[in-house]
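Here come two complexes built around chain A, the first alongside chain B, the second alongside chain C.
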Partner chain A sequence: MSRIRVLVGVLGMDQHELGAVGISKMLRDQGMEVIYTGCFNTPKSIVATAIEEDADVIGISSHSWEYLYYIPELLDLLAEKDLDIPIVLGGSVITDEDAATMRARGVAAVFGSGSVVTDMVDTVRSLVAGEPAS
Partner chain B sequence: MSENLTRSGIDLQPVYGPSAPSADYQEQLGDPGEYPYTRGTRAYTGQGWIQRELSGEGDAKRSNEQFKYLMDLGQTGLDVIGDSPTMSLMDPDHPLARYTVGTQGVSLCSHEDYRQLLDGIPLDEMSVSSSSPSMFMVASLYLVAKERGISPAALRGSVIEWPFYSENCSYAYKMPFDLHLRMSCDVIEFCSQEMPRFHGFLEDTYFFSEAGLNAVEEAALGFVEIRHIVRTLLERGLDIDSFAPRIAILTNCSMDFYEEIAKIRAMRRIFARMMKEEFGAKDPRSQAVNIAVHTSGLSLTTEQPANNIVRGAVQTVALGLAGVSALEISTFDEGYRTPSKEAHMVGLRTQQVVDIETNINSVQDPFGGSWFMESLTDEVEEKVLAMVEDIESKGDPAELVSSGFFKQFFHGTMGRFHHQVHDGDVQKVGMNVHQVPAEQDTLLRDISEEKIAPLFDRIELLKAFRAGRDQEALLAAFQRLHDVVQSDENMVATVIECTEVGATMGEIAGILRQAWGTPYDPYGYLESPLDGAR
Partner chain C sequence: MIDDGHRAAWQGLEQLFPLSGSALVVGITGPPGAGKSTLTDRLVQLVRQQGRSVGVLAVDPSSPVSGGAILGDRIRMNRFTLDEGVFVRSLASRGHFGGITPATRGAIRVMDAMGRDVVLVETVGVGQDEVDIARLAHTTIVVAVPGLGDEVQAMKAGILEVGDLFVVNKADRPDADKTAVQLENIFRRTAEGGWRPPVLKAQALHDVGIDEIWQAIEQHREYREQASPAYRAKQHANCLLELRAFLQQGLQAELAQRLDTEPEIRASVDDIVSGEADIYATSTRMLHKLGLTPPPDSDLG
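== the complex of A and B ==
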């Protein structure tokens, strides 16, 4: 079986990379392939890279409220292109309420403050296996 | 208030030391105000530190109201940060800025913004410390002072120069390193001539150390940057004593209580010796460096925000003992946002309680002479110097920036920090030890989670402002700036001319990039006004 390919990136002008770099390292340590796209991404650039790199999962790290606008745009763009790539969103600025909103909008899994890294890794695995995120 | 008494009436000396100072004492420590300034840069004043809190949100008007609110609470200096587009030299109407205008700092791009920001602020009395891009803050501060009949020479405060690390740690200019360095050096030179009381060179070790660096790494990388900028200014033919008195450092402060105190003492000594022995500074003010501190946001947690108040208080005590010139506490809501009104009050009151109620300022450098603290200070100093030497031995520091050495370094420390927290090597109460269920974690949560909406209307207002400018004067100013960048002339005076005729920060930054032979808009959305004119 080929290795799981996860695209990890930060959107807009958010330049807090600590979480994105940290989770990328954890995913790699778990044997996954990480396509790290760094900062200054847009929904368009994320989708283009996801197609080009054949990503199994899109991981967005956020330490800015920009995600509230960009994530719906990203979901719409994926739907428009008929792509079924699950989005995993993480970031300590994400409140429980916003996490629920994002899940309802179509994000596969959301990890706000207090999340455990191993849960994120397990979630990525289940999503790729076609299981619903816990 | 000449008395310096404990509650029981014991008369305290302002500083304690050996009755007969040895040669070793003079060489390693010295009294406060004496070389090598380990114990403090000034003889006892009893005045404590400049108390301020990070501010800036929404537009300039709203941030000006924040300033006044903080001044009413007793704040003694201003500290302002731009939103993420502003910090990255981007105007609010840039397509990539749209969803973040005014949300994590103040949106500033034109001189009119700065006028509103500084409205009613007594610039000849209040120091203005700015984390927004230095060249533009200096240009507008200079203009506002002149407009109000205040001599720019009376201005006090600081701007940050960060050519080495800004690209990799949250404040990307998207400029070639040499251009960013030139901007920094031009600002420092301009300030040393026109605004001699103003610190045109604040070395900020705070923001990059939040990438998970320890105290030694933080100080070492700071000194690598200071040394390179100083060498560049000397190569220009400047006298070290013409600018070194206005170098200051803004450090971080984690929860590692003793080491943070030792770090500040060691940094004062390293700076003094470096300036005197290596760079030949003769003016004692060039050797004595003021250290201001911003307490660590990374040391705080989003779990149980009230715990962060305690962390800020402990850090304030450490810094009071270390003797710092100014202080900003990262507030309890830091994990989510720039400080709320409530958090501003708590942060400032924390500083005031420590300052006023504990007698902490009655004695300077109370740890001086402690076997433990002196040993720790020596060890921190030794490790910092070794790391500086190690980095510089790898090649020209400027090359190390371009080759991605520091980027790789930061990615390493970020990954390391992640592991430390995950594995429990770094313990944080409420986060990875003594956790509480979410339903119990309610204290101050509502305030912490309150959001600031992006200022969409500011984008429209800016478009109208752009259209209303004297386009001919603007183009002429841009052309002149383009020429100046390609010459050896200091750019600041021309940036001021551009600012006066209504040029925005994003436009000026674009012209600088273009004149340097790189794209006007590094993100590929905008066209240069000079291209349309040709």
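== the complex of A and C ==
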């Protein structure tokens, strides 16, 4: 039987891993397989991992500004390799403006502070099912 | 597709058969915390230094409750993420105890056919069936930690029988020598023409003992190539177990499908629940109907 495979990681020099670990556990408890890549990822390493692991969704956890820097590069790299893998970005420092910017750039869903975990899990599921995130 | 257990994947794997068979497959198993992932990373480094390519299958347990899993082994090898000569794939055990799933053999074949010179399979190492990796690997390494003390004696007989090489990792700890000696004593008596598993000490984290481990793997390869009767017997026994596992998997899939579609089976459930029919007699009849057994005796009890 098939399982949803979610790549979860933290980009750049950001060392806040708790959010990533927390969401990984939630996804696991909902029956998904999480490929946990920890910290110090670059867009290149994320893409290489996503290919090796057949990731259905890429989850980036961010507690620093670095997502503004790295996410566009990640999106471009995925497009370059013709990979249609949705990105879900989560983090407590993401402002509403930045969330809008990220979504406009191509991120499938953004979850800032105050987000409900069940919403995040549901979003992952619907993205895999081919529905756009609400 | 292989991961999801689709029988259709078998055809693809069949096509890969002519391309496979050249990779060296090494299994790495042992209890959690023994340092398997670290050792795997060091072995990857060694293979790359030899100029060869490597595939890694890292198997982690699925939650028995939710069916999900956190696959985190690849973190220990993340320095190789951008190295095209290293392909790391994480697999969840998906309900198969002890780390080997039907998918694992398929994945090994794919990596072999991809041209990987060496395939390292790192498995969970808990539970009875951790020995299963020995059926798929040319050489199986069992990683143990010192301080197990009398636990070494209690180590499940299966794993002691199938390990081709034992590594006492974190050997800077006290008790390392004692643990190694205990393991060596177990293998003191080896059958004629058989392979006596070496017991090595290592500190994978500090790059200590890795070359010796590789040498032992090479020595084991030489032993295998001599194809002694003892080794051939082991190969045959392993293959029989594998074949049985395959057939069981296929049979179960087939049965599951029939159970869903065969109307008589569904109808008989009502009769059993109401007490009109006997579950034994019904099962016997169904097995015959499915073409698996000869007709039941009509006058039995």
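By our rule, the second predicted complex is superposed on the first by the 133 of 134 C-alpha atoms of A that agree within 3 Å, B and C clash if a C-alpha of one lies under 4 Å from a C-alpha of the other, contacts with A are read in each partner's own complex, and residues count from 1 in each chain.
Convention: a residue touches a chain if its C-beta (ideal position, glycine included) is under 8 Å from a C-beta of that chain, and two chains touch if they have at least 3 such contacts.
Here the structure is a predicted model, which means the values were calculated and not measured.
Aligning the shared chain A places chain B and chain C next to each other free of steric conflict. By the touch criterion defined above, A:Gly31 lies against chain C but remains apart from chain B after alignment on the C-alpha atoms of chain A. In the superposition on chain A, A:Glu53 makes contact with chain C only, not with chain B.
Residue contacts after overlaying the shared chain place A:Glu66 against chain B, while chain C stays out of touching range. Residue contacts after overlaying the shared chain place A:Ser2 against chain C, while chain B stays out of touching range. Look at A:Ser45: by the touch rule set out above, it reaches chain C but stays clear of chain B. When the shared chain is aligned, chain B comes close enough to touch A:Gly114, but chain C does not. Following the chain A superposition, chain B and chain C show a smallest Cα-Cα distance of 6 angstrom. On chain A, the patch touched by chain B and the patch touched by chain C overlap at residues 25, 40.
Those residues of chain A that touch chain C in the complex are listed here as 1-3, 24-25, 27-38, 40, 44-45, 48-49, 52-54.
Partner chain A is touched in their complex by these residues of chain C: 3-5, 62-63, 65-72, 74-75, 78, 81-82, 87-90, 92, 94. Residues of chain A that touch chain B in their complex: 12-19, 21-23, 25-26, 39-40, 42, 64-66, 68-70, 92-93, 95-96, 113-114, 117.
Of all residues in chain B, only 84-85, 88, 90, 96-100, 103-104, 169-172, 210-212, 298, 301-303, 335-337, 411, 414-415, 417-419, 422, 431, 435, 438, 449, 451-452, 454, 523 touch chain A in the complex they form.
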